[in-house]
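Right, I'll just put the structure down here and ask away after.
Should a chain be cited, it is by its letter among A, B, C and D, assigned in written order, with residues numbered from 1 in that chain.
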């Protein structure tokens, strides 16, 4: 039974605390920390945790009662606990993005390289989604040939908060496609160009420009288009289509019953990312727990993958601000991440 | 240009007059007859026909201005014009059912056998539907193996008229499945049992018991279930699924755009049989016209097929009335219909 | 952490031991028993269990180290451990069927009634499948109106063992539909008739007659048809379609990527029941564990449900042997199972 | 019965001659012309035409035996017969593209403006396809809100001829999307940028660079991406998806039977444009014939639409050659085409 310390007991932190307590085997929440102490007390009470409330992330990371960490704090305070956990030598599952800049993400990579071992698994949970895994298997099997094109859409019915801004769309939302397409293609990005389409009149946020269209070139010349639309109104809709030399493979819609009623054949769309990817979250945690307990190498997205996503995400923000295509330069991958 | 005489200018008669006038090549409406003369005058006026209004079906059949006939009169008055046309030696496309009894249908067969040539094509239009034709090709290809089971559903949103009665469901509606399954399986029926399910409280007709469930045994032992439901409310929905030893083939839904809206992924269901099978009707007429003009054998459902459907339909009515399984005995097929 | 004793460490027993050890939270395998002691040793070794190997099911049930039981032994030896666990007052999750006869299943019900509490959850795992749960919610919402008809198919690519016999098809395979349709309709069965279709020439077992077609009448007059075909060759294919007065709701196919290749648009079919229902199994165990730990009433299929399935299953076997429709008489449901 | 003169009896010319002779009502092939006289003789013989073979397109246009024209000659010789027919005052249905340059297309528009009447219907047949018409109706209904984004793909299994060159992909293939998206959006284009992706190693033509990706901006700021891939190997696959403020509408796949076989659920893809759009071709001809016979305004794509497509097509070619975004400037639409 792995004793986990959870940093950040806010919205997704609570989801993960509940998951660890009620659903997935092999781990338990043994410690919690949040900059808002009330959030810790509430999590302990709501989920009946037998867990210590720590006064700081650092104290919890240092505690002998804690075997590994889960980082669910705000994006801009991931760096310090990650570096500390690596220094102490404890595994960490951190929510995405790894950090909010390529420079910070580079520090995490450097810290792992200095020790010569991976400690960090980044919460790019799609890599544990059954559909994406099947897509990866099809692409890798060679049956559709070398990949030439891809299309994604990342549509949310509405932004998670009313304070969402244009850049957040890239670093919080589009970052998922940035990681998963890099993984599916298995090659580096060469450039990115972001375009703003016609503004949705139902988008209530003045500082939020979208839909956004990304055009990504890969090293091989393959092209990916991604539509990001977080006010699509109708549901949470994630699509991914890979076009190879001989055929196409596409992520399926979520399976829900077909209903024939009132002149229509319909099925329900998943309303939110929490339900859409609940199985992927569970698998992600099981993978992290089993690897940590068994002392086998972490299998999920690495600090390097988080770093690559940071580089590409920064290029996307630059493209959006400067309205031009921006080159993406990825350094050589260290052997640790081969 | 084939000069056609149309007997019956009521609802489906008008559809066919319009089809011959505006849509399909090779034929023209040169004569019309209806027991209600006003129906003829209205058809001529509405579709701008250059056609003679005849005083009787017989006179029209006899007229040298008429090359071939289309019978769209009520089901119970098909026999006389069919026999007369065969006697005169003119081809006839008759709406289904061939007649309303096996004994009458037998007379049509006997008349053709006496001449030694086929003159009658029965309007079982599904045999000209693209989906059914593809299903037939798949079944005949052997790829799914010998047929073991089948399921059909014949659902109408609501009955065509408020006077619909229980037996009509068999002779007007279910008769389509009786013919098309006989054709798809390519073997004779052995027995039929009709069951009445729970009555739909939205069915307004006191003399109409449905939904009905038919269980048909074929000579090989294969089993077909057919659901007939003419108050299904939601649309016109025709399904057919063939289960073979290695696989299954199913009739597709009509292709309509997929819409994602309000938490649903939906596409429209065709509301009625006229639009659902419009292409099949057009192909049925083109096949009849081309065969008649080219003096090649009629290719569609024959008088024999109509006779077989009458025998099975009568057995179904008996089963419904007597609440028991009824054997279906089909005579040997004459060489003319091989 | 609930200490579970697993009775039967054969095929599905091993699956459940693995599930409890690696996947689902809240329980651990603390004891094992099997009539083949080697099966216990192998399970302990293969899954690294910290578990006691007991000399008898009874000894394990009695042991203070064991909080609750999981019965995975052969169908015909479920009764004794169930009765003993009820006597001792420990919860039991038993694989389906509850027992192999209505008389034995009645004994389990009587034992619970004598204590006045439910201890048994039957492993009709489909009630925990997301698709079936959504179907149930749609049916219960009233949007499609009262249920009139239903269709199921239960197709396996090939039987699990080569010794499968005709009756097993009912008690091992079809028993799932018997339970789940009873649950979906929420009313009692009135009669059942089994029919044998044309034999599949690819069925290698001489004592196995199938495909089988079941026609079930419910108390309301609604009709269910079920096709059971365990040599369908192409995959594991479970379908369920509910027809109401206003519309239809159908269980979805498993979501797998769409591939366009070689003139076809295809997606993969799940090959087996273990993968098809893996999530349902996990949810079933989580529900049992949480209810047992929280001392709340068991939520899944009860001994009563298992008894009803036994009655209907026996009627189905009689129908198959005697080639006639057999009435199903379900006693009044005791208040304990309301 | 409309007497039609067909200019060009090569591949698609023969298709249309056959269509007019065997399938669609209201017109007949009364005259033919081809620069290769043998093509005329072959068409007359193969389809049993009662038609005059003319020595020149001009002579046929002038002939009192000919009521209207169908232009199926090579793209670069459309202009002269179009101008002559307009001068003579006869309607013309011309295959797409209208001409091969914006300057030539402008001449056709000017000729019609000079007379003050439309004579030309351009063979952008997709506007008569059921799926596109339904898509148009959904977009125009407002149910999905203002259009923000769109995606198309135009995939051919292989190029029609081995001599296909890069620019042909735009003027022969992509021109269909250029027209149909202009029609669906109902607004003018603002710019276009063509990108070349990774070359398909299965593309045998050295002078054919593809797949191509087009990014089109509309006057409103809406963005369209179009993938053109004429070596996709797996079939003929036309997709179109409109993203509005509230929802999405997509062109359906062609309906073909679902087959479950060998672990897959599949349906066939249409192999070629001739079968995919056969109904659209028939409807296009019926619309042209009925409007011409009834002397009502031509309803299909006009010379103006053909001109707009020429302007956008030229911009696309420029973009491809110069590797940059190219503005599209569409003049004000004359009242004749409102």
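FYI, contacts are C-beta pairs under 8 Å (C-beta built on N, C-alpha and C of every residue); 3 or more make two chains touch, one makes a residue touch a chain.
It should be emphasised that the depicted structure is a prediction, and the values quoted were computed from it without experimental measurement.
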Original post:
Most remote chain relative to chain D, going by C-alpha centroids?
Top reply: C
**OP:** Decide which interface, B-C or A-B, involves more C-beta pairs in contact, and give its chain pair.
**Re:** B-C
Original post:
Using CA atom averages as chain centres, what separation in Å is found between chain B and chain D?
Top reply: 37
Subject >> Gap in Å, rounded to a whole number, between the CA centres of chain C and chain B >> reply: 44
Subject >> Averaged-CA centre spacing for the pair chain B and chain A, given as whole angstrom >> reply: 57
Original post:
Which parts of chain B, given as residue numbers and ranges, touch two or more other chains?
Top reply: 233-234, 246-248, 253, 260-262, 267-268
**OP:** Work through the pairs of chains, note which ones touch, and then classify the graph as line, ring, star, complete or other.
**Re:** complete
Original post:
Touching chain B in the complex: which residues of chain C?
Top reply: 145-149, 151, 195-202, 211, 213, 215, 218, 220-223, 225, 227, 229, 231-234, 243, 245-248
Original post:
Tell me, which parts of chain D touch chain C in their complex?
Top reply: 233-235, 237, 253, 260-269, 271
**OP:** Going by the contact rule at the top, pick out the chain B residues touching chain D in the complex.
**Re:** 1, 20-26, 130-131, 134-135, 138, 143-144, 246-262, 267-268, 279, 286, 290
